[in-house]
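Here the structure is laid out as structure tokens; the discussion comes afterwards.
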Amino acid sequence: MNIKPLGDRVVIKPIEAEEVVGGIVLPGTAKEKPQQGEVVAVGTGEYIDGKKVELEVKVGDKVIYSKYAGTEVKLDGQEYLILKQSDILAILN
Amino acid sequence: MNIKPLGDRVVIKPIEAEEVVGGIVLPGTAKEKPQQGEVVAVGTGEYIDGKKVELEVKVGDKVIYSKYAGTEVKLDGQEYLILKQSDILAILN
Amino acid sequence: MNIKPLGDRVVIKPIEAEEVVGGIVLPGTAKEKPQQGEVVAVGTGEYIDGKKVELEVKVGDKVIYSKYAGTEVKLDGQEYLILKQSDILAILN
Amino acid sequence: MNIKPLGDRVVIKPIEAEEVVGGIVLPGTAKEKPQQGEVVAVGTGEYIDGKKVELEVKVGDKVIYSKYAGTEVKLDGQEYLILKQSDILAILN
Amino acid sequence: MNIKPLGDRVVIKPIEAEEVVGGIVLPGTAKEKPQQGEVVAVGTGEYIDGKKVELEVKVGDKVIYSKYAGTEVKLDGQEYLILKQSDILAILN
Amino acid sequence: MNIKPLGDRVVIKPIEAEEVVGGIVLPGTAKEKPQQGEVVAVGTGEYIDGKKVELEVKVGDKVIYSKYAGTEVKLDGQEYLILKQSDILAILN
Amino acid sequence: MNIKPLGDRVVIKPIEAEEVVGGIVLPGTAKEKPQQGEVVAVGTGEYIDGKKVELEVKVGDKVIYSKYAGTEVKLDGQEYLILKQSDILAILN
């Protein structure tokens, strides 16, 4: 992966609905729609009260994130999403 | 439970009105409508002035939370809610 | 009382106008309307610059609070209000 | 006085225009209109970077405050105003 | 001067256009219009990260301030302005 | 380069679409559109809780940034962009 | 120069377009339009986490600043601009 997100940002490879992990299906609701993806790159961490803290998510984690968060980029024909760790809701094991 | 919420987030299994805990009934009002649920997963804690602090709620707690808070997810046919601990109003014993 | 508010929240039992404490009557004004109640449960405290600090109000205190603050809940047929201590204006002795 | 304001709040007894202190008359302007009153109760202080700090105003001080600040209460037939110290502009000696 | 501003507030005696100091004339523009005055009273200082810090302006300083800042008061027939030090742009020597 | 950005700002030389680095093509979407460029000057760093911290990006880095961020300047016939490091999403290696 | 800006403010003497420094021409764009000027006075510094920090810009620096920032004043027939250092984008060497 030749992309390095800054600070508390991560790069996500979105997972299509038909290859959903762990039996989770995300229903269409009037609420904020979460989506799933795999973390492919993480930033160097975030500053919390002056101390640099590693991100909680690691490369390879399957995660649920807020649909309207982040910025889409296309790398070697594949679409990715760059978002902040705070836009990630949970890790799926 | 194969879902791990991040930071100060928790996963709630909502409780239907007909199985309400402890005799509490939440009336329909013009105000923010609270709802009840059971905590099924908690995040690793929140940073407060640079120190990681464990969440107050534990797995198994019955809680009241703000209706419009959080994000719904469906796991193995059951609906859950991922929200921040600050959207939880109280624990019912 | 089988309800435990989180953090800096308190549970208030509202006092009806005809049983007002200490001769205080709250006039109808165009301003924010305060109301009176009795504290029936208090949270574990609030974090202030990284230190947990006990709430100023205690169970049994008669308080004046902002009318539109908080969330109403009904417990065993009695209505209560869950609000943050910062929505409480004063204690009546 | 049987009312104790919380934290950085104070209780003010407004002074009518015809009993104005120290020759100050507050003209009607298009700007925020200040008003005068006497402090009758003060809170326990405010937290500033984790340390509790006493309020600058004392009981008995004549003060100028912003007109639209605070909440009116009526105690034993007298109207009072509960507001935050930060809504007080100056002390009149 | 029998008026003591609170905290980081100062009392200004506005200077009329025809008695402008140091040759500065403030043109009418579509931008925020500054005005000149003399400091007649200063507050006890402001809290910056928990430490009380004296104000930079002193009684007697001629200052330029933002036109729409502050609150007008009339004392012994003279109009004054109470504003925060942060609304003062510069001192004229 | 005779331009020195202040604090946490950097100067970017935008890269045209036809000379895109590393095979990344940024699709036109309804979302915030990122763009690519090369860092040609960096500020002295940013203050994080009172400590000056060097920027993560270096001169020569290829970066993706938010399209609507920053301010365009023209230097010796070449267009540059001055933006804050926080508007840079990722470094391309 | 008989004007002393407060805190993190600086006084700028704008440079007309026809006397632009270093070959930089600032194009008219739909974006925030930067402008050039020379620093003629600087404030005493800004507080960053309780410590007073000198400003980065010095008297004599040629700077690019945001067009709509600051307040215009006229001193001895010359127009100046008082703005905060954070409204300065870069120093031109």
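Letters A, B, C, D, E, F and G mark the chains in the order given here, with residues in each chain numbered from 1 onward.
Criterion: contacts are C-beta pairs under 8 Å (C-beta built on N, C-alpha and C of every residue); 3 or more make two chains touch, one makes a residue touch a chain.
Molecules present, by chain and UniProt name: A, B, C, D, E, F, G = Co-chaperonin GroES.
Computed from a predicted structure; not experimentally measured.
Enquirer: To test your reading of the model: what rotation angle superimposes subunit A (Co-chaperonin GroES) on subunit F (Co-chaperonin GroES) by C-alpha positions, in degrees to the nearest 5?
Expert: 50
Enquirer: As a quick test, compute the distance in whole Å between the mean CA positions of subunit A (Co-chaperonin GroES) and subunit C (Co-chaperonin GroES).
Expert: 41
Enquirer: Express in whole angstrom the distance between the two chain centres, defined as the mean CA positions of subunit C (Co-chaperonin GroES) and subunit D (Co-chaperonin GroES).
Expert: So the centre of subunit C (Co-chaperonin GroES) lies 23 Å away from the centre of subunit D (Co-chaperonin GroES).
Enquirer: So how far apart, in whole Å, are subunit A (Co-chaperonin GroES) and subunit E (Co-chaperonin GroES) when each is placed at the average of its C-alpha atoms?
Expert: Whole-Å distance between the two chain centres: 51.
Enquirer: Pull out every residue in subunit A (Co-chaperonin GroES) that's touching 2 or more other chains.
Expert: 49-50
Enquirer: What order results when the ring of chains is traversed from subunit D (Co-chaperonin GroES), passing next through subunit E (Co-chaperonin GroES)?
Expert: D, E, G, F, A, B, C
Enquirer: Help me check something: in the complex, which residues belonging to subunit F (Co-chaperonin GroES) touch subunit A (Co-chaperonin GroES)?
Expert: Residues 22-27, 29, 31-32, 34, 48-51, 53, 56-57, 64, 66, 85-86, 88-93 of subunit F (Co-chaperonin GroES) touch subunit A (Co-chaperonin GroES) in their complex.
Enquirer: Spell out the residues on subunit D (Co-chaperonin GroES) that touch subunit C (Co-chaperonin GroES) in their complex, using ranges where they run on.
Expert: Of all residues in subunit D (Co-chaperonin GroES), those touching subunit C (Co-chaperonin GroES) are 2-7, 9, 11, 41, 44, 47, 49-50, 70-77, 79, 82.
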